[in-house]
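Residue numbering begins at 1 within each chain, and the chains themselves are lettered A, B, C and D in the order written.
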Amino acid sequence: MNEMTPVKTTLKDWETDQEVRWCPGCGDYAILKAVQRTMPEIGGTPENTVFISGIGCSSRFPYYMETYGFHTIHGRAPAVATGVKLANPDLDVWIITGDGDGLSIGGNHTMHLLRRNLNCQVMLFNNEIYGLTKGQYSPTSREGTNTPSTPYGSVDHPARPCAFALGSGARFVARGFDVSKKLTDVLKAAHVHRGTAFIEIFQNCIVYNKDVFEDFASPKGAEDRQLWLENGEPMLFGSEKTGGVKGISLNHETLMLKVVDVADGDHEAAGVIVHDVTNRSVAHMLVEMPFGEFPMALGVLYDDPRPTFEDAVVAQNKAASKGKSADLAKLLGKGQTWTVEEGGPEL
Amino acid sequence: MNEMTPVKTTLKDWETDQEVRWCPGCGDYAILKAVQRTMPEIGGTPENTVFISGIGCSSRFPYYMETYGFHTIHGRAPAVATGVKLANPDLDVWIITGDGDGLSIGGNHTMHLLRRNLNCQVMLFNNEIYGLTKGQYSPTSREGTNTPSTPYGSVDHPARPCAFALGSGARFVARGFDVSKKLTDVLKAAHVHRGTAFIEIFQNCIVYNKDVFEDFASPKGAEDRQLWLENGEPMLFGSEKTGGVKGISLNHETLMLKVVDVADGDHEAAGVIVHDVTNRSVAHMLVEMPFGEFPMALGVLYDDPRPTFEDAVVAQNKAASKGKSADLAKLLGKGQTWTVEEGGPEL
Amino acid sequence: MATALKEETPEPPKIPHPDAVVVRFAGDSGDGMQLTGGQFTLSSALAGNDFATFPDFPAEIRAPIGTLFGVSAFQINFGSRAIETAGDRPDVLVAMNPAALKTNVDALREGGLIIADSGEFGARNLSKAKYESNPLEDDSLAKWQLLAFDISALTLEAVKPFGLGKKEALRSKNMWTLGLTLWMFDRDRQPVVDWLNTKFAKMPDIAGANVAALNAGHAYGETAELSAPIKRFHVDAAPASPGVYRTVTGAESISLGLVAGAQLAGLPIFFGGYPITPASAILHHLSRLKEYGITTFQAEDEIAAITSAIGAAYAGSLGVTSSSGPGIALKGEAMGLAIMTELPLIIINSQRGGPSTGLPTKTEQSDLYQAVYGRNGDAPLPVIAARSPVDAFDCAIEAVRIATQYMTPVMLMTDGYIANAAEPWKIPDLTAYKPFPAEFMAEAPEGGFKPYGRDANLKRPWVKPGTLGLMHRIGGIEKELDTGHINYGPENHQAMTDIRTDKVLGVADSIPDQGVALGKPRAKLAVVGWGSTYGPIHQAVRRNIAAGKDVAHVHIRHIWPLPKNMGELLKGFDRIIVPEMNTGQLKTLLRDQFLVDAKPVNKVSGQPFTIAEIEAAIQEALS
Amino acid sequence: MATALKEETPEPPKIPHPDAVVVRFAGDSGDGMQLTGGQFTLSSALAGNDFATFPDFPAEIRAPIGTLFGVSAFQINFGSRAIETAGDRPDVLVAMNPAALKTNVDALREGGLIIADSGEFGARNLSKAKYESNPLEDDSLAKWQLLAFDISALTLEAVKPFGLGKKEALRSKNMWTLGLTLWMFDRDRQPVVDWLNTKFAKMPDIAGANVAALNAGHAYGETAELSAPIKRFHVDAAPASPGVYRTVTGAESISLGLVAGAQLAGLPIFFGGYPITPASAILHHLSRLKEYGITTFQAEDEIAAITSAIGAAYAGSLGVTSSSGPGIALKGEAMGLAIMTELPLIIINSQRGGPSTGLPTKTEQSDLYQAVYGRNGDAPLPVIAARSPVDAFDCAIEAVRIATQYMTPVMLMTDGYIANAAEPWKIPDLTAYKPFPAEFMAEAPEGGFKPYGRDANLKRPWVKPGTLGLMHRIGGIEKELDTGHINYGPENHQAMTDIRTDKVLGVADSIPDQGVALGKPRAKLAVVGWGSTYGPIHQAVRRNIAAGKDVAHVHIRHIWPLPKNMGELLKGFDRIIVPEMNTGQLKTLLRDQFLVDAKPVNKVSGQPFTIAEIEAAIQEALS
């Protein structure tokens, strides 16, 4: 998050004159609009905002935002962002990456960004595929995914972006999906969080991985398949008309989560967990909660700030410089010196 | 783990004629001996065993094992190991890496190795420092560590190797330390596990990070500061003579761990958790259990096998080849062809 | 290259017989132009023509419909004589929408034929293509022949019986167009019909609709009122040596060459790759060939791709990795490891426009410096370059031979043009290739086991882990002579550096002398090329020789080490020019090695040289 | 280089005054030889000698005591005349144990003096050093003068009063030895005493013990019975231009040069690094200079190091990254991004022995190819090479100037020898340097804002994010002229390629013509070098000229672009040899650019050239 005097902007102020070059129907369009809708609401100023991306369809994003933007190289956006932020901590930095860009080639930079806790937002567009290179499977592709590079189906176990983020030390982990109305709320919460805010956004690659998220993202049956987490609220989903209200509870024997029925709104009786965004143990369970048996956990799963990297660096630079001057002559003359007097023949 | 007809070897069979080039007093010596002691006990055969390392003091390890060995380049041992294992799944592959090699430059390969679950052992020598390059801080160095590259103390939050491993999808996570008697048991358990067995080994860099683990590794007070986990056993530590037996229990409100006193051996009464190596939720708590307030969790923290990468690859290669021959002429002649008859003038 | 149609038709026969024609299909990314081109190519093949193709598609996966940057084009040059390029300028342009016309018409030769779908020239598409007025109606296309009719409507009409939705129905437009062009060039429709029926076997309606559209387009040609300037042509079969032929792209051909090479060496293949344009196709091809002992591994990045291949080579497989410029850059450090550990590894670079991310879908030759010089330390490795899709097959085999016979990484260069272009290929008889079985050391030889001992080729032994009694350790630190232990000694480092250098130079003993592709060995001017510039250089030189000029074409496959006679050969020419799709990289190598005044001719536009450009350069060099 | 002591002492004065002496301190890694050498160096400096040093330590951090590979050595060449190398062969060897003697004695000139600690020559150490018999007793050292006595015992004796443990006490051995050598060369002990007292201020016993040992060693020289062949020498002060001097290593000097350059440009520095030998020292130095507006970032790897520096440059800092061969290889792809986005970035390569991990602690020049050619695509960037520790200061400033005045990444080459070697340095007067303030565009100029518009140097504007109204996007895909938008067009790519090429070539307009370091511009033979070969080449050429030979020394700082007069200059010589610590890399550049028959003279042993080796090469070239 970044303090700035709120200024009035409108969605239009955040659009560039560049033709948007995603496939018709791509989920990226919806995410772009959501971001452009969010910026005015958070009082962002275009000139103090920087979008930094790697390579991929998703990473084209910066070209469409009327801000400063850097479309870097594959997987390196977090490292570039670290340099930008250390050079100018006042900038509001948004990293745009994909499941390949941020978790395959760029996984290590993502990990260290989260560990150091640079104050920025990371939007990971997870379409479970390599879009730009025409549809090879990615680290998040489900087992058995048929692609040009896995004609007999992929065999490796998929990575779980949010679990990876937590294991890397993330202090803010959230989930949303491209066409969700609530995406802007998630983005706002991410922006409010001081430190690296990691947001996994399920995104529909209509060409190479069509509708893989339909099972929970489609409006029909949404309330049964989506668990939108609200801090301080019980973890409830479902509804009376759709087979009853349900909740997430903990099996205190196995210390595993389970789904419970909530009778006439009494979630306490049913032992439904009340969401505490600062509870890391629960966060671990939520990010690994298998969809199907459970609904998809969405919204802010975890949010517990700690000191940011650039604050610490700036503070140390200040402290170390305290009372010292940038006197170059002094520096050059440091250590033991000796003087050669006039008169000695020139070399 | 790797099936082979047990053959009799002795520690000596696993020693090379190469002079060991670590600093006198380095924790690496103890680990080397522990491994050389373990190999005969697991019935390993030198010619079917491969030690693969990156770069670092720890990565010198393969030169001292009378097996096949590959001292690769910085951070890439997991990727090299993946190629070795896919080319010959029968080999017993041990990856030797350091906190810099495996978590800094090599973090991404470590993550994907764990995600894919290649059947091998990963021994990460964590000395919380870059030894070979003469003592710069590493991703696991504690905040405030003074090193040549951080003369005013390091400011970034350290990575937690075991938490990172779990977040990456690890199915076996264990901890030990260089001079521990129990290290061989941990190594044996790792070898029995089918899939990537991740072992964090605290190692004393006597030159650049002397005794940073003394607070729990030193024999005196060990029982109070070390929690050795045994599957099926209650999580107990301490002793009557040292201020009482204690246990690890769960606060069912906060879902956080806590230390409880165990009165006259009745751990059930005290609500001490019985260690279940397959319980992932608990594993997450154990790897993040802060030392000081809690003892250091050691031994096998988590062990829950799932299919390995090379098994899946080999099975798919087999299935896809079933009933097909490697007839090259057929392959070259694939697709639509046409014939030019004799008589047409030569080109 | 195509000679203008007019010239081909001075007097009857009813159907003129030009010796070559260039056709370009251009439309929206969604219009299936690559498919259309592919099928037309196949039909040309079956008609016995020689040909070369050039697919040119946008960087975007599916750009918004109707946009200029969303245009996808496919050009084919087919003839009754040897064809080496896709042709400089089309004789016929098929434009499926205004954007396609706008972006392609200037390439059309004067007097060439435009076939346009007037149905797509509505206000919306026109403005998307930045046309003020409708070019089909104003006379801005006057210098060309124009054939415009509502292909969309005609297609909808034709496929009505199948009751498809409009969107679906319009998908058959490309088949209608194909039908018309097949008629224009007097071609048999049956192969396309068969192909459609198999392709859409599961969707009989779609199959039917496409066949109907194909037939309708063909019929339209037959019945089109005579007033229209539509003519038919018949391009005769090209002379070709007897045998069974197929079409092949560079990516296929390299993949097949690797399989063949591995069989000749008696090795399984481990392929470690990471997707990148235009290299991905090789990963895709090999992933389907598991029964040939091929394991493909899509790694987390290019570094893991090459290092996993190095691990597999260490364990006894043929290690292969493949990428394009940016990915090859990432592999540099690991190449050094393969050089130091002397393991057989093939690194394939499908070059694209650079620097940095550059122009992913455009072709270029600007990675030669990187291939020969682009590593830390003195790190020599052999470099081979393919000159065409067909040539890539033999180059791949040659790469396998060198890698396994010398225990060394080998760089195999190709480019985006070769990777995607298709040629007719006389299917080779594998029995004609001499096997070069790889040897593994199974037990200690006389005098004991030396991991870094040498044979006559300075090759070190290859020992599989798992071999009893030959345990040893290797790594990236300087190795001791023979033992392979770590050694920092001055004499040892000098000796090992010399061995690494000499081993690679020694490869030259096993490769043929450099020949002259066309012209005389001591000609006045030599045009020296490498890689995919073969076609335009060859044609340009042929024309100059035909015009009585004393010009020769030298095309280099072995970039490093260079053939032993190269210096002598080059010194025999009065003048040398080196056309390259870069700022002059091979030229550096030749000048350094032989002190010959090789003059660069550079084009760095992401497009192949035209024959005319090379001709101009020759003319300038001779004047 | 040192002339043999004997020659220096034909007749009295009581203390001979040789014009140069070479001393090598050798001992176990634990013996503190680098410290001893450092203090002796300082004392030489204070004595007004010119000097050059060569620290040579093992790859291992602390190899087991007494082993051959655990030997650490420090050589200094000091004289009353200009000194440019650490000397070919020592006149005096201090050997603290058998391993040190074994590994160093062969370098000692015949008749040279050995000072050995007989106390360390016990059976155990002898066998560790692979000695059958004790060399101090058999006559295997006959051709040298031998002074052996039990320094260990004498030290223990001297420090007894401080009641240290034996291990602790023996740590002072090196000070005892230093005391003796200070006596031998008629030096003042006080500076060392002061240094010890400050260093061990917190441990007075240790300080006292070391001082006592120092004095004891000195006293031993005074009182040693006359029978011993121990002589004293006085090396007079070398002529030097008046001013204040200090000693400086290459790593310090580069760091200071960067700070100075940044001040001249008026910019903060962002340094992104990842530890690697021998480059780490620069990271270490800069980490202590926060008050100079320097932010240092130890990244997770070299790729993050350079890309973070690119990010910082984008945000308005001077981006700097530093590594050695393997790390530079990893940065290749990102360098392309800096070239495409045209941001000011300095990449420092402290070269070490290669390929691969190679010889981390040894020096080499084998990354020139990588620097000039080692990237994908046509990716030109300026390359500068430092020739000595002192020269590195100006080279760093020059790199900053070019990077900021042309908006381009610049590669700055140094090597392990320069990084660790120390020289006396006349502290420069910064007011003598012309500032070159970097400009940031703050508002749209006349005619509107063009992110890729150009000034006379073809430089594009530098705009800080945060600047109102100048928002724009950059990236690694080919840029459109002026606008900087994505553009895949052929003409545009050609034009941008030309601009990138011409901009870098244009740097030549701002650099001085290439001069001749020694000898005549049209000499019979030119010895052309770059980097740390300056010393041996210069001395060898000087001797040849003194001997009446027509030889010249040309030393190139600007590797790319080369100075404009370079071709002309080189063509003026009859013959050219190019000594390099690689297999001939600069030679490739010169032959390609100027078609001159530059002959390589290569040494790839991890050790610097000796003067004698260059002399031999000159002799051969002249014959």
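Keep in mind that, in the parts below, a contact is a pair of C-beta atoms (placed from the backbone, for glycine too) under 8 Å apart; a residue touches a chain by one contact, two chains touch by 3 or more.
Computed from a predicted model, the values in this text were never measured in an experiment.
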Hey, which pair has more contacts between C-betas, B-C or A-C? B-C
Among the chains here, which has the CA centroid at the largest distance from chain B's centroid? C
List the centre-to-centre spacing of chain B and chain C in whole Å, with centres computed as mean CA coordinates. 44
Can you give the whole-Å distance between the Cα centres of chain B and chain D? 40
Distance in whole angstrom between the CA centres of chain C and chain D is 47
Pull out every residue in chain D that's touching 2 or more other chains. 69, 290, 300-301, 326, 333, 336-337, 341, 356-357, 475-477
What parts of chain A, by residue number, touch at least two of the other chains? 55, 73, 104-105, 107-108, 111-112, 139, 152, 313, 316, 320
Quick one: in the complex, what on chain D touches chain C? 58-59, 69, 324-326, 328-330, 332-333, 336-337, 339-341, 353-362, 364, 366-367, 369-370, 372-379, 475-478, 488, 490-491, 493-494, 497, 500-501, 582-583, 587-588, 591-592, 595, 597, 603-607
Can you tell me which positions in chain A touch chain C when the two form their complex? 19-24, 55, 57, 73-75, 104-105, 107, 130-134, 136-137, 139, 148-152, 207
Name, in rising order, each residue of chain C that touches chain A in their complex. 60-65, 67, 69, 273-277, 280, 283-284, 287-288, 290, 296, 298, 300-302, 326, 356-357
For the complex, give me every residue of chain D touching chain A. 42, 45-46, 48, 82, 191, 195, 237, 239-247, 256, 259-260, 263, 268, 270, 272, 289-293, 295, 297, 299-301, 303-304, 307-317, 319, 333-334, 336-337, 341, 426-428, 430, 464-477, 485-486
Chain B partner, complex, touching residues on chain A are 104-108, 111-112, 115-117, 139, 152-153, 155-160, 163-169, 250, 252, 254-256, 279-282, 284-285, 288, 306, 309, 312-313, 316, 319-320
